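Please read through the structure below; I'll follow up with questions.
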Amino acid sequence: MKKVGIVGANGYTGSELVRLLAFHPKVILSFLYSRSNSGTKISDLYPDLTTVCDVVLTDQPEDVDILFLCLPHKESENWLNQNPVKDETLIIDLGNDFRLNGNFGSRNFIYGLPEINKKQLSGSKSIANPGCFATSIQLALLPLAQKGLLNEVYTTGITGSTGAGQSLQSTTHFTWRNDNISAYKTLKHQHVEEILQQLVSFNNNEISLNFIPWRGDFARGIFTSSTVKTDLELSDIEQLYKDFYADEPFAKISEKPIDLKQVVNTNRCVIQIEKSGNVAVIHSAIDNLLKGASGQAVQNMNIAMGWEENLGLNLKPIAF
Amino acid sequence: MKKVGIVGANGYTGSELVRLLAFHPKVILSFLYSRSNSGTKISDLYPDLTTVCDVVLTDQPEDVDILFLCLPHKESENWLNQNPVKDETLIIDLGNDFRLNGNFGSRNFIYGLPEINKKQLSGSKSIANPGCFATSIQLALLPLAQKGLLNEVYTTGITGSTGAGQSLQSTTHFTWRNDNISAYKTLKHQHVEEILQQLVSFNNNEISLNFIPWRGDFARGIFTSSTVKTDLELSDIEQLYKDFYADEPFAKISEKPIDLKQVVNTNRCVIQIEKSGNVAVIHSAIDNLLKGASGQAVQNMNIAMGWEENLGLNLKPIAF
Amino acid sequence: MKKVGIVGANGYTGSELVRLLAFHPKVILSFLYSRSNSGTKISDLYPDLTTVCDVVLTDQPEDVDILFLCLPHKESENWLNQNPVKDETLIIDLGNDFRLNGNFGSRNFIYGLPEINKKQLSGSKSIANPGCFATSIQLALLPLAQKGLLNEVYTTGITGSTGAGQSLQSTTHFTWRNDNISAYKTLKHQHVEEILQQLVSFNNNEISLNFIPWRGDFARGIFTSSTVKTDLELSDIEQLYKDFYADEPFAKISEKPIDLKQVVNTNRCVIQIEKSGNVAVIHSAIDNLLKGASGQAVQNMNIAMGWEENLGLNLKPIAF
Amino acid sequence: MKKVGIVGANGYTGSELVRLLAFHPKVILSFLYSRSNSGTKISDLYPDLTTVCDVVLTDQPEDVDILFLCLPHKESENWLNQNPVKDETLIIDLGNDFRLNGNFGSRNFIYGLPEINKKQLSGSKSIANPGCFATSIQLALLPLAQKGLLNEVYTTGITGSTGAGQSLQSTTHFTWRNDNISAYKTLKHQHVEEILQQLVSFNNNEISLNFIPWRGDFARGIFTSSTVKTDLELSDIEQLYKDFYADEPFAKISEKPIDLKQVVNTNRCVIQIEKSGNVAVIHSAIDNLLKGASGQAVQNMNIAMGWEENLGLNLKPIAF
């Protein structure tokens, strides 16, 4: 059994990690770090965890084999500076500190999208876990990028309220958000740079990504539709995608309509392609807290540690 | 045209009053008072009001014919002490300051449930608008109370998130509240005393009301089911209720199943009675912000001013 | 008072017309036609209408001044062939039979988008009411089309379940639709042709509209985001839109973020524009059953009859 | 590995069993029976099951070690008559055919509520799985019944739409159900008899259960509040419940407020007790498809087979 620590365990992605790792056969939760909730049982913050995990949150990190950082963006680097971690520890950062530039001291964080970087992730000690929208949109576009077929992309995506975290905001007030739809960060979402850095490394030429994120009136999940121009036939695109993801346990191409709830409470991404004239639309759906965050972090841990990729990730979908 | 002022116009019930009075044919909005949002247009707080009402909130009240107080509970009295109002002004208080004891200086606040106090409300200058659950539960029980037939009552009610106001709380966070149900203030909701004071004045003997309020995963509305014992036949109870509410424009007895959305965005209360053995259940439903607050306040204004009772209250139901 | 008949009053748009016209000061409901529900009170189908409108549905149409057709697509023409209507009667068809080609016998149906055709609608006897998505998307694009500035448009839109009508379908089953998002009719929604016919008549050159409709997990409303390229500055686009809609009571340009609930239960369309580089995004929101159907039909009636355009349309927004 | 068959695998409870058993370490799915969907892959009906379980539904049952019946009420007996099952096969019926009277041929179905019948269930070959409301309400009342402390009980419960099954009905139409609350089967729900039969066997005297079920606007879960009179102190009641459920892995007493989402997508029941005067309220919450149906069926299988009770039931809660 490997010892695990989670920093920022009191947040949504941190507590999802607890839910996943509590039943993982190869790890034990060694400490759950939280400055603001130190001294409180995690199950007092999240009563669904009662008897599943009643660990008391602490502000005293210990030596562990695997460390997950679930901090607000731009706080991982600070935390690591203040709490030095030995070189042998696998660090998986769920924030965005090391996604664009992975260098930190002697470490070099690998971008943790297993569908492109599985080899580099294997045995790695430093992993930058991708963003939620970034995961959904990249998985929708990677096979085309790999063939150098992307130019202009028009993407609309919708996210559940968990994407906004647990802080109380007017846009997460139930009275406002229920039955409501709104756009935010139009054309300037922070994930665009992250997406383009990866896609361009494949595509070898300029890509423009016009991305409109919407707030949805549900708690979990991301659904994105990306429109591109291509002369490929639909069946050729589908084959391209199937080949690209042939060995991937969590990326699935569907020839039938997909919907968000197919993936909620799972680590999966489902992708469907439609075409009319020379315009193709690629739909993709993930659970933003799992394949878009904590589930993918466990997947990355499994790969880095040389374990079966889906260990602890055979989750019962919510389905209904 | 009568001049109206609304104190606490920046809250939910205050802004609902603006929505109702903006199209009322006998009044003009003279001032909208808010200390915290003074200087801001009401339509900047509530964009649905743009061009409907672009009045700037002020902390300087003026002389008006009709004054609505939409303040947090226990603040109405303070406000009136600090901002003396002349005797000729009709004051309608939506808080709970004067519901149990209506005496304030030379004023005597009448409990503003038109279905029992219409005569006293007519011409009155001081009205204490009932609470939302109090309205739904009283309308469900009044005809039985009037006949002295109430003893023990078991009521469960569910309320939308607007009942909790606009402040950001963990129990109104979308992520928590969506798809969720929970109980609060079990057996000790503050409306029980208000309800009993009215019912007992009719019933002439002891009543016990065991009331369990639930938080619902919707924004608007209250649905309550009250269980009582009675030897009356169902048809007799229905007749009793129909007679009691025969002249009431906003209380309707239904012989068919009722549901909450029948009344959302209206000033109505619908009531249905079911019976098995000697046990009767009375279901009732209202929109908590309208018949449960601002709509009833307008109804009370109409009655007090001698206007048609439903003036400005012919509202299109949301229906779907 | 003008006499009104509604054909298909048992459906969603038909019953919304009843809700609107029951309180309209210039009309009386003369007959409500339904073959399948003939003999039933409309208020038994829609209990929210109890005492508001208890008219019995009939399969015997009468002579009226104004006739609304709320039939499934492609059934209006059949109905008119089987039930001849005299020439003086104003016919407003909410189906899509006459939107693309308005010729029918001696009648010539005018496309009923008041923001472009107000003059032709005034005094008209035949009006083809636009589709719901068609209304939202056209209002978002018209000012640019009028200047010949549209080329390629990428639009994603999301609609409430009422857009799918009242028939029971797997995609309107609560268990499936709750918390779910899905795409349908990708790049081939029937409104695209309707939209382009109007836009091209303004724009004078080819426009391509790549439209992805999504099913939303709410009952009412449409939100669309349309992406275009333009060298105009944001402030110039905003001014263009404000000028274009300067005299329109129901189309509003917002410089601040918009959201769907600003317009639910109103006849309004709110529009917001954002820009980055040479890419502009135009967001728009309507209530699909009001500005997208029955509300716009009443607006068209008012214009055709020479009445005030917003008569009967000063609706209280749901707001929360 | 034991061979499992599921009859009625195309329904909600059947497909939930598939989701649970696909990852259960001691069983393999031998056949999935459905007359109406024979020849179709289960993953074509429920795309979330793609690659998890792609078994083709059949109308030819085979010999298995364990057979689950997930048929509409009153169809289990017919099915068994037409498809004889050998004596060694463990049959778990999720319908209500054998709950009140367990005799069927040489079999005697044990009522499958592990919290009362664990000994009889161990090694049993015939189990009648309890109803969903019946599970939630019994778990809320059993410790009091065991002490003979129950007389009159007033219970209100709310259920998600999955409780109504997958057939398309007006009360499961999204447009109607969203944001809506309604009562059904007031005082005459079919589970009352099932509940009383069990409780009375403990309580040894008359119990009256006045039960009002409500339809909720969510898909999964049941929340019930039961009101009783008792002279016991709150702390004594809590201790009584804790003692009663001390060894139960899935029934948990909470001293803090509970909410429905604590148990959604788990096999747990959480219970909270409140008291005022001589009135006690017991709240309880379960996932109607898991502890209220398929999860409890797996729990019963585990007990009957002598396996660890929570095998395959360490489910990640939806939590958000």
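A, B, C and D label the chains in the order they appear, each numbered from 1.
Everything that follows uses one rule, which is that a contact is a pair of C-beta atoms (placed from the backbone, for glycine too) under 8 Å apart; a residue touches a chain by one contact, two chains touch by 3 or more.
Because the structure is a prediction, the values reported are computed rather than measured.
**Q** Return the chain whose centre of C-alpha atoms lies at maximal distance from the corresponding centre of chain A.
**A** Looking at centroid distances, B is the chain farthest away.
**Q** When chain B meets its copy chain D, do both sides use mostly the same residue numbers (more than half shared) or mostly different ones?
**A** Here the answer is same, because the shared fraction of interface numbers exceeds one half.
**Q** With chain centres taken as the means of their Cα atoms, state the distance from chain A to chain B in Å.
**A** 46
**Q** Just give me the whole-number Å value for how far the CA centre of chain B lies from that of chain D.
**A** So the centre of chain B lies 39 Å away from the centre of chain D.
**Q** Measuring from the mean C-alpha position of chain B to the mean C-alpha position of chain C, what distance in angstrom results?
**A** The mean C-alpha positions of chain B and chain C differ by 34 Å.
**Q** By the touch rule stated above, which residues of chain B touch at least two different other chains?
**A** Residue numbers touching two or more other chains: 12, 162, 175, 178-179, 217-220, 258-259, 261, 264, 320.
**Q** For chain A, which residues count as touching chain C in their complex?
**A** Touch list, chain A to chain C: 154, 156, 158, 175-176, 179-184, 186-188, 210, 212, 214, 216-221, 223, 225, 227, 257-261, 264, 274-277, 279, 281, 283, 285, 320.
**Q** Which of the residues in chain C end up touching chain B in this complex?
**A** So the residues of chain C in touch with chain B come to 12, 15-16, 19-20, 23, 44, 46-51, 162, 178-179, 219-220, 252, 254, 256, 258-259, 261-266, 270, 289, 314-320.
**Q** Of all residues in chain B, which touch chain A in the complex?
**A** Where chain B meets chain A, its residues are 12, 160-162, 166, 168-170, 172-175, 177-179, 217-219.
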